[in-house]
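Next come the structures, one after another.
Each of the next two complexes has chain A plus one more chain, namely chain B in the first and chain C in the second.
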Partner chain A sequence: MDDVLVRTLADIVKVGAPIVLAAIGETLTERGGVVNLALDGSLVLSALAAFVVGTSTSSVIVGTLAGISVGSLIALIVAACSIELRLSQVAVGFVLTLLCRDLALFLGIPYRNAQVFPTTFLPIPVLKDIPVIGAIFFNQDLFTYLSFIAVAVAWWWLFRTKAGLTLRAVGERPQAAFARGVNVNRIRYLYTALGGSLVGLGGAAYTLGVLPTWSDTGIAGNGWIALAIVIFGGWHPLRVAFGVYLVAGLRTIVTSIQAQVPPQVVELLNALPWLLMLLTLFLVSGPYLDRLMKVLPPRLHPPIRTLLRARPPSALGTVFEQEGRS
Partner chain B sequence: MHVELRDITKTFGNLRANDALSLSFAEGRIYALLGENGAGKSTLMKILSGYQPPDSGHILIDGQVVTFETPADALRCGIGMLHQDPLDVPNLTVLDNFMLGRHEGLLPKRKAAREALEAHAARLGFHLDPFRYVDSLTIGERQQLEIVRLLSLGARLLILDEPTTGISAEQKHTLFSSLKRLAAQEGMTIILVSHKLEDVAALCEEVYVLRGGKLVGHRLMPTPIDELVTLMFGQSLPRPSRGAHSLGEEILCVESVSLTARRLTVRDLSLSVRSGEVIGLAGLDGSGQSDFLRACAGLQPINSGQILINGVSIRGKSYAELLRMGVAYAPSGRLEEGLIDGLTLAEHFALARDSGIWIKWREAVALAARQIAHYNIRGAPHSPVQTLSGGNQQRTLIALLPDNLRLLLLEDPTRGLDVESTAWVWQQLLARRDAGAAILFTSPDLDEIVTYSDRVLVFCEGRATLVTDLDNLTRNPAERLGELIGGRSL
Partner chain C sequence: MSQPAKFFGTALTFSGALSAALLLIAIIMLSLDKAPIAAGQRFLEGAIGTPSARADVVMAALPMLLCAAGLLLTFTAGLWNIGVEGQVTMGAIFATIIARTIPRDVSDWGVLAALILPAELLLAMFGGALWAGLAALLKIRGGINEIFGGVALNFISVNILLSLVNGPWRVGTFPQTAPFAPAALLPRHPELRLSPLAIVIALTAFVVVFVALRGTRFGLALRAIGRNARSAGILGVRVERNIFWAMVACGALAGLAGAFQALFTRGRLLPNISGGIGFMGVLIVLLVGVRAAWVLPVALFIATVPVGSLKLATSLDSSVQIDAALGNVFQGALVLAVLIGSGIRARLAARRKEQFEHG
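On to the complex of A and B.
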């Protein structure tokens, strides 16, 4: 494979890392029935926090922790407003996302393009020498590796562990989970905070890895893309990751060819991922899936249904109340 | 395991759902908890299974007082509940549902769980495919899964809430024979919560009867069904004599209609209603009577047959068109469906009566004031409707009905009203009837149905039986209807 292609693919994986982290975080949160619509603003604010702390301490780790704290704090506000105050998750999330973004833009004025954070590549010995694969996946920075780990662990956790099963039940039918001895609201706090920390980690990945500086543009908007990809991905970590790389890939291609083609083509190509997502949603939610299921043996139904699902967790955005108690 | 409930009391607002109830359940016996809707059965069973704490009273297991914070606590003590709508997660597989709530570490042992599932199912004579999704199962199969799950978690007392609603006769047979085996061979205690007398007669050894939150009877089976019906519905007053009124032309004609209710299909329903007639629709909750009302209002599709109003088929007609034909529908959820939370009385009248683009506020307020005086509503034109009491909301709903009505379709028109408001509502409705309207209404209160109906349509298990000779019944008419509702044929 030629060098340009390998480098492009490596670049796609790197550019996609922050969105992968944010989208996986949101996937976990929404699987528990909470929608963290503050994702976009949260991403921008945690990116700023990570940059400021990271540059002043000259430590990637400390900066990243700052980003994670901001992300989980904002997510906890959404969870608390929903669980304790019974406010609409959508309303709170929406307002918070705008507030956080504007707050970040205001607080970030002194840091605008001030400096570039020195990124360190961490090639993984042995693995990096695998032809093609090694160059694409194993010659990256810390955040890119973390994004791979997040996808794999999220998938394993959701579908292979007892805790993941409990999480899915909480998002689907909290009353049934409660009847089985699950503390529904504690689970929701836990995974909203966890999802928020992944969003914060995604923010840190921008200012300490991908960009790697603070700028007004380049971060805001990606949170909305992550939210859309969670839906396209059917709340399945692998499909979500695929969606992110699809979008990141098309963007990279557009960036590299935009000098040679008319602007109309550039804009059309930019819109292509969304059209593909709509088409996919149409295919998996139409009657085609049912027809496919009829042909396949029952043993294969669970994995296929999980992978091709189009329906959100049934209890998404709702408040869980135990009847008869106040 | 011997379970005892001692002086259990639970109130919701002014309603005493359970009033100092004391019941005792011995090991290896099958009990029935009988009572009509609102008798307090569900509340009591929710208390016993840990969903709600009682206001006062105790639960004793083998003489020890226990308190449950959650249903999981109750299950740890051996008390499991099967809900009418099985409390499972439809979007997970049978195996996932079975594993959820089992006590194991982080990594579930799928193979062991699957073997346990199959072993327990086989013991009960159930067949469950572990890889099927629960939402593709029938209600009967979902019940079987829940029973298997509860037993595998060590339930020694099993509460079944209306388990035979929506399952096939064959599934009912399987269920009953495995329940009998569990009680006889394994010493399980079974409590069947039901208002179906046939099920009680077929399965149970002892019966507790609740009425109005109080324990009114404890009988050993077999007990004559008549006696149980009397206990359930009470000795009601004889039917008051009715002033003669003349019937006019046919208004509603229903020809062999089939329609799908929540869980069952009502088939072959035919009815002819004439001007000046009141038809009561009786039946257990969700037997199709509310769906039939909605179908007559054009709000719910019918599978086959036809509905004619004033000789015109209502197929394809919207509710707005029917309203212009003189049909009105009043749902039981006053604030949910009938009135608009947040709008004032004047706004309601403007919405209901004003046509055109601009609201004539002066006229709307004047109309509201007139109707408030006429219908004796306690409120002002500018009172938001949700601030009115239930009785005044119902008055508002009736005041909003257009004047020249031909057909009134009312879902539980006196729900939650006190005696005075109920009498007032019926006075208004009967005035409409005397003016030539036909009335169809549902009510969970059999006395109300017997008192005001000329004829009664009883909905039970997909059939609708017309009772025409209310006046000529030698026995207590409410008791006769109670039997029909409970599934005993004529």
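On to the complex of A and C.
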């Protein structure tokens, strides 16, 4: 395979890593029935926290932990407002996303153009020498490996463990799960916090890995992309990861041809990921999929339905009134 | 609960939330070695101390009022029209289609000159309505949640805006159009930075929305859909049609707000023309909890924040000089505190009721 292509693919995997982490976190949260709409603001604020703490302690690990704490704290606010106060998750999340982003923009002013953080580049000795695969997947920085692990573990956890089954039950049929003895609200707290910490890890991946410096403009907006990709990916970790790489790929292509086309065309090309997602969802979740099905042989129907399913968890965004507490 | 007790409760929630938000800002200021009290005085002086400052506040409130008025319609129907930001942007773009072609001298245009402004404003309303209609169609025909569709269309509208000001509409070294000719702008008060026509238009729009919500079949249908869309449908309300028109009406008002931004506030088209006023509209509606009558005073109150913060940001006194971004933090913190405060109040009321019922 030619060199440019391998380098481009390696780049896509790298720039996609923070969005993968955030989107996988949100997938777990939403599978439990909670929407963390504060994702975009969380991503920016945790990125700033990771950068400030990381540079002042000159430790990647302490910085990353700071990012994770900020992300999970914001997610816990959303969960508490929903579970304890019965507030709309969308309202709280939307206000929080604006608040956290503005807070990060304000508090980050002194750190603009701050020094570049020491690299977290971490090639894996033997594996990186495998032709093509090694160059794309094992010649990366720390956070990129974490994004691979997050996808694999999230998939395995959701579909191959009892705990994952419980989580999906809580998001689909909380009443039924409760009747089987599951503490629905505790599960929701747990996975909202877990999802939030993955978002925080994604923020840290920006300022300590991908960029690696503090830049609000380089981060804000990516949280909305992650939220959209969770829907685009049908709440399935592997499809979510695929969606992220598709979007990251489109962006990389646009960046690479930037010099050859006029600026007005570049700006329009930047809208492609959103157009692609809108169009796909429109075709998949509307009545058009059924029309397509009529043309195809019935044998193909079940696999296509699983592949393109875009139905949210049934109890997404709702409040569960657990008995025995008010 | 009795009416005065309810009012007292609301007042308590708001003042508690306001204190919490102010406390947060004071803590941030103290940690940066700024003087919060002096900054507060400076802020009030800069926002409401002089006639020209008050005029700025009124003009800043108008686009927010328009967005909030439109959002009252969609929120009443239970729709989260996050796409309002993109609808503002499209309004500004569509107004510019005409505004940028108007020459400096229109003295020989005669009657046509009087049609420039109405044409610009109508086209802006069309642009906003188009974008909102698109989000509504995606929801109704494609089953795409209006939040997701709105976010996507927001980003696409920004891409279109940047494409235009970087390309065909660009004049000069910066990505922006040339300043519009006076005939293309909203007419200005001779002394103050104030447009009486804009005030009349915005207030009229607000009153129309208010009346539509209170006293028309459309308003009743929207309220029924907001309570329970399925029941409303069973009872004969045309859910999809009403959702579509609520979105389109909101988009038209947001488009008008965009025209105000381009034809008065900025006087040209440039990146970030909306300046987040669509989202501020959402915050206002969340703040008043969809109680329409409160939108007007709250919009004026919220509009003091950017005006006053800008005065602080440009202050020469370093003990109060602080970036205007802190104003946005205050707005967000205030709305969050009000949401949490009213949530706590509702829980306490529910608990009291429960105890009462169980003896």
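What we mean here is this: the second predicted complex is superposed on the first by the 292 of 326 C-alpha atoms of A that agree within 3 Å, B and C clash if a C-alpha of one lies under 4 Å from a C-alpha of the other, contacts with A are read in each partner's own complex, and residues count from 1 in each chain.
Here is the rule we use: a contact is a pair of C-beta atoms (placed from the backbone, for glycine too) under 8 Å apart; a residue touches a chain by one contact, two chains touch by 3 or more.
The structure presented is a predicted model; accordingly, all values stated were derived computationally and were not measured.
Touch criterion not met for A:289: it reaches neither chain B nor chain C.
Contacts of A:175 after superposition on the shared chain: chain B is touched, whereas chain C is not.
In the overlay built on the shared chain, the residue A:302 is in contact with chain B alone; chain C does not reach it.
Touch criterion met: A:263 reaches chain C, while chain B stays clear of it.
Of the two partner chains placed around the shared chain by superposition, neither chain B nor chain C is touched by A:152. Residue contacts after overlaying the shared chain place A:109 against chain C, while chain B stays out of touching range. In the superposition on chain A, contact is made by A:92 with chain C only, not with chain B. More residues of chain A lie in touch with C than with the remaining chain of the pair chain B and chain C. When both complexes are aligned on chain A by C-alpha atoms, no chain A residue touches chain B in the first and chain C in the second.
Put simply, chain C touches chain A in their complex at residues 28, 80, 82, 138, 141-145, 147-149, 151-153, 155-156, 159-160, 162-164, 166-168, 279, 282-283, 286, 323, 325-326, 328-329, 331-333, 335-336, 339-340, 343-344, 346-347, 350-351, 354.
Every residue of chain A that touches chain B in the complex is listed here, in rising order: 160-163, 165-166, 168-169, 172-173, 175-182, 298-299, 301-302, 305, 311, 314, 322-325.
For chain B in complex with chain A, the residues that touch the partner chain are 46, 51-53, 70-72, 75, 87-93, 96, 99-101, 104-108, 129, 131-133.
Only residues 37, 81, 84-87, 90-92, 94-96, 98-99, 102-103, 105-107, 109, 221, 224, 227-228, 231, 262-265, 267-268, 270-271, 274-275, 277-278, 281-283, 285-286, 326 of chain A touch chain C when the two sit together in their complex.
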